[in-house]
Amino acid sequence: MTGSIVVVTAHVGDFVWRCGGAIALHAAKGIPVHLVCLSYGENGESNIAWKDASADQESVKGIRHAEAEAAAELLGARSVDFYDVGDYPMTVTAEIVGRLSEAFREYAPSLVITHPEKDPSNLDHCRTFEAVLSARMKAIAPGHGGNFISPPQVLCFEPHQTELCGFKPNMLLDITSVWEQKKHAMQTMPTQSNLWDYYERVALQRGAQAGRRAKTATLYGEAYQSIFPSVHTSLVE
Amino acid sequence: MTGSIVVVTAHVGDFVWRCGGAIALHAAKGIPVHLVCLSYGENGESNIAWKDASADQESVKGIRHAEAEAAAELLGARSVDFYDVGDYPMTVTAEIVGRLSEAFREYAPSLVITHPEKDPSNLDHCRTFEAVLSARMKAIAPGHGGNFISPPQVLCFEPHQTELCGFKPNMLLDITSVWEQKKHAMQTMPTQSNLWDYYERVALQRGAQAGRRAKTATLYGEAYQSIFPSVHTSLVE
Amino acid sequence: MTGSIVVVTAHVGDFVWRCGGAIALHAAKGIPVHLVCLSYGENGESNIAWKDASADQESVKGIRHAEAEAAAELLGARSVDFYDVGDYPMTVTAEIVGRLSEAFREYAPSLVITHPEKDPSNLDHCRTFEAVLSARMKAIAPGHGGNFISPPQVLCFEPHQTELCGFKPNMLLDITSVWEQKKHAMQTMPTQSNLWDYYERVALQRGAQAGRRAKTATLYGEAYQSIFPSVHTSLVE
Amino acid sequence: MTGSIVVVTAHVGDFVWRCGGAIALHAAKGIPVHLVCLSYGENGESNIAWKDASADQESVKGIRHAEAEAAAELLGARSVDFYDVGDYPMTVTAEIVGRLSEAFREYAPSLVITHPEKDPSNLDHCRTFEAVLSARMKAIAPGHGGNFISPPQVLCFEPHQTELCGFKPNMLLDITSVWEQKKHAMQTMPTQSNLWDYYERVALQRGAQAGRRAKTATLYGEAYQSIFPSVHTSLVE
Amino acid sequence: MTGSIVVVTAHVGDFVWRCGGAIALHAAKGIPVHLVCLSYGENGESNIAWKDASADQESVKGIRHAEAEAAAELLGARSVDFYDVGDYPMTVTAEIVGRLSEAFREYAPSLVITHPEKDPSNLDHCRTFEAVLSARMKAIAPGHGGNFISPPQVLCFEPHQTELCGFKPNMLLDITSVWEQKKHAMQTMPTQSNLWDYYERVALQRGAQAGRRAKTATLYGEAYQSIFPSVHTSLVE
Amino acid sequence: MTGSIVVVTAHVGDFVWRCGGAIALHAAKGIPVHLVCLSYGENGESNIAWKDASADQESVKGIRHAEAEAAAELLGARSVDFYDVGDYPMTVTAEIVGRLSEAFREYAPSLVITHPEKDPSNLDHCRTFEAVLSARMKAIAPGHGGNFISPPQVLCFEPHQTELCGFKPNMLLDITSVWEQKKHAMQTMPTQSNLWDYYERVALQRGAQAGRRAKTATLYGEAYQSIFPSVHTSLVE
């Protein structure tokens, strides 16, 4: 009877590098995973595409749209939605918060996954975190309509340079069983091929850390930080 | 195939007020729970006993020993051990760390529960936290004997005044089903009857907080903070 | 010759649960206490009202307006003002900051009481904190008019789940003498009757904590965190 | 082949009190230093000017404009630009971020110096910090034009009351050789003559702290906190 | 009916530079102020004395003893006690904690003033903080004797480089009225004459900060951070 | 005229994995680098050696001693000293602090490199950090002998799991030019061959992070956090 998972990212690539394993893993269990990309990352995270002298905003967005749809399908996401709000820097309006809130009401997630609160090198990530918290508030308020939801847990995935963002993971997810899927999804994004090796190494490091205490061999992992205390009926993992 | 749980406290009362629910809950599931009390709390946490003009160290320790054994039995703990190191303030020697380390090797816990790192009002709690981390190191080192263990998770239970101790719970445990047991255990400790109402209210507050996101009605709760990232095969609670 | 106190809250209930004791206590000493409620909490903090199938925004606001006026009167507040900016989530415009700043200039408070800076479960509280700091700046600037004021101290009252908000109280207020008044004020807000017991327990816990060092018996308390260093002519409380 | 330095401040006085030494020192080495003042500080940081009964917004801005140009020249700044966005409180629009971003593209700084992230007594400083990070993002994004730059380091200078702002300096700059220049620059700002002695003492304290480990006699200093890790080919200062 | 104040410092100079104003101010009000110096600072804080080629441990201790007694008398302290535990680095034994605890039982302070918790440049300060917390525990425990005391507030005075120590003052004390006394006390310590100007500037900075919100002209100040929440019957300073 | 560098580690492997690049890089510039290993890591960090049924403390120490000497030579260290204090857990006595302090006096380092302050999974690292700060105090105190030194900077190298240790690097060192040397040094330690790939990936991640802002191609890096503010005559890297 578990609800769905909604992943909200600032740019299209984020759902692959940062939580592609979680998407594939839960999708494989039959849990619906819905993706929302606030922007295409067209301005600041598509540098390879801009090396083409004929590139313009629409052509770059088109490339990233296609890459993201392919990756989402490979990972087994139930849906992927593009809000196209622009990036570097991103502005999140009340309308965008409202739209995200409606998505939360529709999908009734028990879990939302997004960026951590802080990132001095990338304020789009901060804006997205804030948008998630705002939309969560709106979605649980009965005054905004009768189909209000229970407040979902919010987990933050790993940023590019963890210490810069004050990221303190308290959960390590074993993604060994879906690693090949995540790797293929990464490779559907040649516009950011410069990140492939970096995030393979991230997965190996998190796998090694998880492996010290895991019950089974863990080769690949992803790290998460929970915003709200989780509710348990047992303390044993 | 989960290992046991070891609870390590500075004073005898601590295992009742702070994690009595967890003890009862896991014991009821058949998980062995072992208790280690570094001191009886005879000097600083037995004020009512000292109102008796004839009280001395041995008589007060005797009272607390009996109370702790009764409470441990009520909660279903498999064993309770008293190291009698003295309190207010406590000194933890290398021998005590060694003894605790041997207990870890014997019980091979997957989880150790103890005090949080900081408490300016009660350094005994800090010393106990440090002793747990030291004994954990010693227990996992092959150079100290062949029966070394895998490193267990460490969870900190709730201190008396959370903000003073920098306590940031990331887990709320629903103890509704064992609340009566915990309450009875508290009542077996009349030497600290001044705390009965206080910790009933703590349980109600944590229950109310957990209840906002729990799947079933939650009336009583306990809060925990994990020291190490937990390892997961699913992010959905 | 002490100035007045201004309390600024996101939603109408906040001034009762969080600082109703402080309002009553200082009002009883003849210090003028003025209340500003940025919203009625009509969308997200009036769930009981929305159970009435005929409820709409205006009817719910009307209920909360009446409740707040009754509570304010019971507590002895000199005035209560409603800015009606909406909630869940709240938007604070430059006009609202300007209006609040004018209130500060009119009341010339030596103390402003409001929400803490952080609350991931409720960004309205964060927006209110920020609005207070903005309005405080505007009120002390001579360029915005000749009746500028001296910068008041800002105290934050206790949020719903303290550790989630990084709340670190450095002041405990003994509200024993006005507890009955606060309790009655809480009961004038049946739209949030689910919070009555919770905040009675909060008052008892803070009272117990204060009682450990207070000179007189302390049964009920409220906790506060100061934003700016306080200025003293003696260090002895 | 080092790039230029851009200093971005909320109010005109800030570049003098907080980093006047750094401006003079680097200018003397031939490094171009460009100044951007988001406001004149006309409302909240020109109190002496407002004592003149005939003062109005335009006259006060005029006074501060002249003072700032004189100080900038004394310090050897290559340029000083005034965005005149207003102050106490300040609003930073997307247009202002865009303009600042264009300045970054034009000057291609290897270093940007600005306010620290937090200041509860002065949100204009926070807004400026955020504007710098936003403009930095925009300036490095190829989607916003072909003349994008490499991401510059960002250093925060010392705020008025360091502990209130969470300011943790990790760099002390020896400004002894340019102290007289900085002092003269301070004296070109009689509108804030109340700060002259305060910031002379700040310079002496930072000089004394630096002097404990410096290789040469250090009498005057300035403190800085880096936002991003600096890149080194040697760890020895 | 206020109790006494006990000041506990690592080295003899500390009580002068860091809280000489508080000592003089409260002594003048008739509040007994007792001083405990754990060491003479003979090894690491008496550099001028060691320039004398004939200096040895005893001669340097003798000089500092005389200086400290003269300063204590000038400030109006009721007593000054020297524990002579050695310094740079300092070791605090259980016996020293016991002796300090006995002093707390004798003086029954409502307030203890000491060093902040952290100082990477001077662990003696950390050891002293820890000794105060240990002795405080021992002094309040009925098991250690019938004359146990109520737990006093603990305030930390200002360290040499505040940000290095995580010092966050929440109280500013106006010491203008006793400044001349403090200055004379500083001058009775020629062995650390290198600090005279530094701490005069500290007093002026704290005075300036306090003066922004004080009711009367404040020229000199001292900063303090409270460890435990203070208990109030009014929130207005 | 720069002084030497002293590296102080808890276990022999630490100087290779964590700062082998820095050792090689500075040694190549002619800066003397001295190594102090407080223990051999024989109990807790030599697991592969203990798989040999005939292993005992002396044989394992012998293996690690030989490995460490070979690695030190490969990296160009001027000396390597073994204090053999034992590990898992480590006890640092006053004698050990004294010996380390004498080493500081002998080598007169301008820089000491060691473990970060916190590591809940490995208290030996914390004890080493504390020993360094204690020995540094002792080495700068004239009362402990005439050959006292100026206080050196202290840099912390990267721990195994950065976020667990609160590690916040503010310096990235480009070790590309000495990477092969570091790799060979790692391979001289087959007793911890399980770490080879892990620390090669760490170097690649830090290299990638540094490369975003470095002036030349950076493939391999090491991260450091400074404890004391560094003193500069220029802010441009």
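Order of writing sets the chain letters: A, B, C, D, E and F. Residues in each chain are counted from 1.
Everything below uses one rule, namely that a residue touches a chain if its C-beta (ideal position, glycine included) is under 8 Å from a C-beta of that chain, and two chains touch if they have at least 3 such contacts.
Bear in mind the structure is a predicted one, so any value in this text is a computation, not a measurement.
Contact with both subunit B and subunit C is made by A, E.
At the interface between subunit E and subunit F, under half of the residue numbers appear on both sides, which makes the contact a different-residue one. Taking the mean of C-alpha positions as each chain's centre, the chain lying farthest from the centre of subunit E is A.
Of all the chains, the one whose CA centre sits at the greatest distance from that of subunit D is B. Its C-alpha atoms fitted onto subunit F, subunit D is found rotated by 180°, rounded in steps of 5. Distance from the subunit C centre to the subunit F centre is 52 Å, each centre being the mean of its Cα atoms.
With centres taken as mean Cα positions, subunit E sits 37 Å from subunit B.
Touching two or more other chains at once are residues 151, 169, 209, 228-229 of subunit E. Chain pairs recorded as touching, per the definition above, are A-B, A-C, A-D, A-F, B-C, B-E, B-F, C-D, C-E, D-E, D-F, E-F. On the side of subunit A, the complex with subunit B involves touching residues 1-2, 5, 22, 25-26, 29, 31, 110-111, 113, 150-151, 153, 155, 169-174, 209-210, 212-215, 218, 223-224, 226, 228-237.
Subunit B makes touch with subunit F in their complex at residues 94, 97, 117, 130, 133-134, 137-138, 140-144, 151, 154, 227-229. Per the touch definition, subunit A reaches subunit F in the complex via residues 161-163, 167-169, 197-198, 201-202, 204-205, 208-209.
By the touch rule above, subunit F contacts subunit B in their complex via residues 42-44, 46-47, 50, 57, 60, 87-89, 91, 120-124, 164.
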